[in-house]
Amino acid sequence: MSLNVIHNATCTFCGCVCDDIELHSDETRIHEAKKACVLGKAWFLNHTADHDYPDALIDGREATVDEAIEAAATFLHDAHMPLIYGLSNTTCEAQREAVSLADRLGGLLDSHTSL
Amino acid sequence: MIRITGGKIFDPANGINGQVRDLCIDGGKFVSSVIGGRTIDAAGMIIFPGGVDVHTHVAGGSINFARAMTPEDHRRTTAFIRTQSRRSGLGGMAPTTFATGYLYAGMGWTTVNEAAVPVLSARHTHEEMRDIPILDKTSCVLMANNEIFLDLLEAGEFERAKDVIAWHVWAAKAYGVKAVNPGGVAAWKWGKDAKQLTDPIEGYNSITPGTIIGRLAQIIDELGLPHPMHLHCNNLGAPGNVWTTLETMKLLEGRRAHIAHLQYHAYGGDDWDTMRSASAEVAEYFNTHTNMTTDAGAVLFGDTVTITADGPWQHLLYKLTGRKWGNLDVENETGCGIVPYTYRPSNLVNSIQWAVGLELLLLINDPWRIFLSTDHPNGACFWRYPEIIQLLMSYDFRKDCMTKLSPIARERITLPDIDREYTLYEIATITSAGPARALGLTQKGSLGIGADADVVIYEEEKDIAKMFSHPRYVLKGGEVVIEDGDIRATPEGREFIVKPSFDPEIESFLKPKFEDVYTMSFENYPVEMERLEHADIRECINGQAPSPPRTAEKEPDRADEGVEF
Amino acid sequence: MTCTLGEVKNRADFIVYWGGNPAECHPRHFTKYTLMQKSKFLPRGRKDRTMILVDIRETKSGGAADIFLQIRPGKDFEVLTILRAILKGQHVNSSIVAETGLTLEQMTDFIDRAKKARFGCMFFGMGLSMTRGKHMNSAALLTLAAELNAFTKFVAMPMRGHGNVTGADVIMRWQTGFPFGITFNRGYPRYNPGEFSTVDVLVRGDTDAALILGADPGATMPQPAIDHLARIPTIVLDPKVTHTSRLARVHITTSVAGISAPGTAYRMDEIPLPLKPALKSPYPTDEEVVRRINEAVARKPHWMPADGPMTIMQH
Amino acid sequence: MSPITLTLKERPKVPLEAETVTPDAFVTMSNEQIRSSLVYHGKRHCRLDDFFEVTGEFSDLIEMHGDLHRVKLLGKSMSRGQLKVYGSVGMHLGADMRGGRIEVTGDAGDWIGAEMSNGFIHVHGNAGGQIGAAYRGSLRGMKNGTIIVGGTAGLEVGMRMRRGTIVVGGKVRDFCGLQMKGGTIVLMSGAELRTGAWMVRGTILSLQPLPLMPTFASSGHYNPSFIDLYAQELLPHGISLPNHASAGSWSRHCGDSSIPGKGEILIWNPA
């Protein structure tokens, strides 16, 4: 089977965010990450498209994403001082949504930078 | 559908000066008639086309750096409270994106031109502009210190240089081209500057700032871009720089050009002690050369944060003031500096700067060619425009303000001798019709049929600054966004971009050069079209030079009885 | 005082890494951005550049350095302050200098070299910003870089660790005016690190629900902070079931940024780059899940009383 | 005037922002107005009497009782009267204070008296950091007034202060007097590291030995008469400063030379 090739892919493992990586992948995993450093290679090769984890957990029990989203919204809406934290290993698009959510909730917002 | 009835229309684009007419709006545009829908009773009120800012800094790496540097200002400024439908925001010297939209729209401005975008951070700038609600946006990409371009000029490869510019404009999804301190910023990266047009540029043999300016203006004309070269002249802010400015203007004869923030380029004298206003010399030349437009870059007393791609000037400010300083250099393209600053009437230099901005607005006699700007946030924050309008419309108010100046300062300026007072028609020209025309935005700055229904409705009153700060209604694209001081809607704005034509082969020329000097992949450099949510593309035709700036006809007699301001 | 990495690649003839170990933590930093590249201005590449490594112990990065300055742990602030004094020709107390682990000669040599450089750049890592003195250590280095501009061109840049933390910083700045440590509890953004920063908030118990994404505080934060996360309803979005997921009320599995989720990430010099996922994930993206939570909250009553002012003047 | 008393009845679950609690506000308010005044429990808009029993009205004397360590911004911007707390308080106590008196029997959080321009604050227990300091990004810390802390204090005490006096009975942590431009800090039990870092002007007195920054230069021993003036001023608060030559002398250190600054750190050497 021939592998799918992506040129100039971007690695988000470290702050260098190298954007010259050549990825060779099939349906489920990346087999090669050319030009990536040892950390980047490990990052790309260790993730798969497999369904290794449950979609969602509520109090440790498997749940659907819809149920989990509703539960999350309820917890956050009910709180007097909710916190949104992290925002490192994710996309700018998710970060924008997260800032928007913190604004809507009237909560706290913070990233890894504060550590 | 909206009908606005009984208002006094000030629409310089269509030669209407205070006549009472109804305006009809449908589908976001002015139409000849509507049936049904909302009626806004504007009887006795004053109606302007929505304001257009030809030169401001509201999005991108440098203003965002300024935000980070001024947390103390965010704490003492206007806060926009979150509602169910509207994002929160903070005003002040470097407002957040949401507040930028609210503040501009809140005083009736509906279109802005972000004047300085490095190609490398164009993607960032577009993301930020998407978060500026209500306003329509254009942006100018910085090219005059781009090293690949300069190398081509050095090698005398003009046609290829033209393709390089066109490719970059499209890659940045920009609307125009900005040139900042041509050659000087490139030299600044070595801690040097290039102040005069004939100065050699560190790192080059044959080209001078003059070469870059002339060639770039020619390229932009030949590419047929709707907005001419947007030029931040060399030697900004320095005493005696009027000669550089006049030389630059002479060099541009026969070319279109927009000279940005002219105030910072109209100083006489030899040093900081002998500095004086040279606005009269500049205005005299400018008045007789109709190939150019300009914006004032006016200064108001008070706190602000100065940010410009002119790193050398910023470092000078830092040395003069000793305040905190940020500098941000972008590879191969540009650099920028950021310094919080307070303009004080007790300071001779600041007093002269304050006067020069107003003098230029008053001495340049064609309102179609000089526009209201403060080079936000450099001269003052944009939300202080109503104060400038008051200064322009009232000689008495100017005289009051001048009493704060020292006698020495009053001797160095010509403002006390100028008694011109702007009319409402002229204000509508310098805040809307003129800048829209200079940007080549034919659908803006007009209340005529087919134009975008961006309208400001003021209740006429004697306090000019108050009247212009608090419009009764603001409509953007036919939607009421401000009413009685409240924000009623926050629609997303559009982005106007241009598509100049270029030889696609230029990419194979650029790619190896690019990869030699840049640190990102060539393929990842252009901003993807999908990132722009509401883009409005204008195709440009190579070789088809757009028309030169419009010049003033005689102002028609005012049709209404106005209050005495 | 900062610049993009290309400026360093093309121009920097004097490069300092302070409290960072790029050889192991940012492996391509030397080769792609800083040391090894040749340019129009530095045609001999590595030979045209001087690199100084400052750290408390010699790491693998030391092999790439021309000069290694080993300072005693926790003395970064003192060293940087002495360097500022030397730059200004001021006296320093030599008996105390010895406590830093460096000699006055070494520090004077550092300043001489920095002043003679045509373009200097200092990169600083967590060895500087996360040790005693924290933000003041970074401030000391940034101030030194600013002051060096009286002599030559000089810039400084943090070596950001985790993927897209720079993106969070940049976006928060344009949307709220502040980079981190923010509260919206009064309906608009306010900023005070130490008061609104997460570890402090959690240790004091100042929050009653938490949404964690793109981080695993359960593995990295001090125990009292983790204990509080376990006490309150915590929601985790992550591609894996993490330490934090195990103490959370809700976990949602999401796709991996840049591998199976598209979008954008900012490089440490604030240049945004597009992500090109190679895999299709069976999980939704963080973006989608947060947007749907946001929409679900929007369907509930807004918390702010409707009769309040729309704007306020802070004081 | 008899005092208004506020007694905590409901412990806040998250921080309670109560800048409404000032003599300036309460002196014009009836009991009902005080009860209904707005406080912020996290993001929730609440009435003061959701959390406190309130007695009294129309007075600029306020007494508070209970563990108020989660209650922030008490006495913010107050300019008159007195606020007395029997218990502990949270952050920003007396921030931007312009006058009047605050006394706390227990501990206080960070930022007490931040950017204050006048007034008197006495915390008998321990306090947090950034006492009398400038907020992030601001160049101006406290401009006048007096802050006395009986116990220990945290980081950045007196950061960027311009004038006024801060006295700390217990040990303070790092960066005491950071970037200070004037005023006086008195340390009865010394400090950890980096005292006086980047100071421009102003005086730090320590009764205990201090580790000094290498950018401070020793300039002799003396018994200056201005110490006697401070001693007189502080004596009514139960603080005694030694200065008699028979008891010892002060060693003087100037800095921070990295600025270069003209600040001084005086360290007491008993005879």
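Going by the order they are written in, the chains are A, B, C and D; count residues from 1 in each one.
One rule holds for everything that comes next: a residue touches a chain if its C-beta (ideal position, glycine included) is under 8 Å from a C-beta of that chain, and two chains touch if they have at least 3 such contacts.
Remember, it's a predicted structure, so these values are computed and weren't measured experimentally.
K.L.:
If I average the C-alpha coordinates per chain and also across every protein chain shown, which chain's average lies closest to the global one?
P.N.:
Smallest offset from the overall C-alpha mean is found for C.
K.L.:
For which pair of chains is the number of C-beta contacts greatest?
P.N.:
Pair with the most C-beta pairs in contact: A-C.
K.L.:
Using mean C-alpha positions as chain centres, tell me how far subunit B is from subunit C in Å, no decimals.
P.N.:
About 34 Å, centre to centre.
K.L.:
Centre to centre, by mean C-alpha position, how many angstrom separate subunit B and subunit D?
P.N.:
47
K.L.:
If you average the CA atoms of subunit A and of subunit C, how many Å lie between those two points?
P.N.:
Comparing mean C-alpha positions, subunit C is 19 Å from subunit A.
K.L.:
So which stretches of subunit C touch two or more other chains?
P.N.:
Residues 32-33, 171, 175-176, 179, 184-187, 189, 191, 193, 206-208, 264, 266-267, 271-274, 298, 303-304, 315 of subunit C touch two or more partner chains.
K.L.:
Could you tell me which residues belong to subunit A and also touch two or more other chains?
P.N.:
8, 10, 19, 79-81, 92, 96, 100, 103-107
K.L.:
Scan subunit B for residues touching two or more other chains and write them down.
P.N.:
Correct list: 71, 75, 82, 87-88, 127, 131, 520, 524.
K.L.:
Think of each chain as a node with edges to the chains it touches; is that a line, ring, star, complete or other?
P.N.:
Contact pattern: complete, every chain touching every other.
K.L.:
Within their complex, state which residues of subunit C touch subunit D.
P.N.:
Within the complex, subunit C contacts subunit D at residues 77-78, 81-82, 84-85, 88, 90-94, 96-97, 99-100, 132-133, 136, 184-187, 191-195, 206-208, 303-305, 315.
K.L.:
Which bits of subunit C are touching subunit A when the two form their complex?
P.N.:
Per the touch definition, subunit C meets subunit A at residues 25-29, 32-33, 130, 159-169, 171-172, 175-176, 179-187, 189, 193, 196-199, 201-202, 206-215, 217, 220, 232-233, 235, 239-241, 245, 248-253, 256-268, 271-276, 278-287, 289-294, 296-298, 300, 303-304.
K.L.:
Which residues, counting only subunit B, touch subunit C once they are in their complex?
P.N.:
Those in contact with subunit C are residues 59, 61, 64, 67-68, 71, 74-84, 87-90, 92, 94-98, 120-121, 123-124, 127-128, 131, 147, 188-191, 203, 315, 318-319, 325-332, 335, 486-487, 516-520, 524, 528.
K.L.:
Using the touch definition from the top, list the residues of subunit A that touch subunit D in their complex.
P.N.:
It comes out as residues 79-81, 105-107.
K.L.:
Enumerate the contact residues on subunit D facing subunit B in the complex.
P.N.:
135-139
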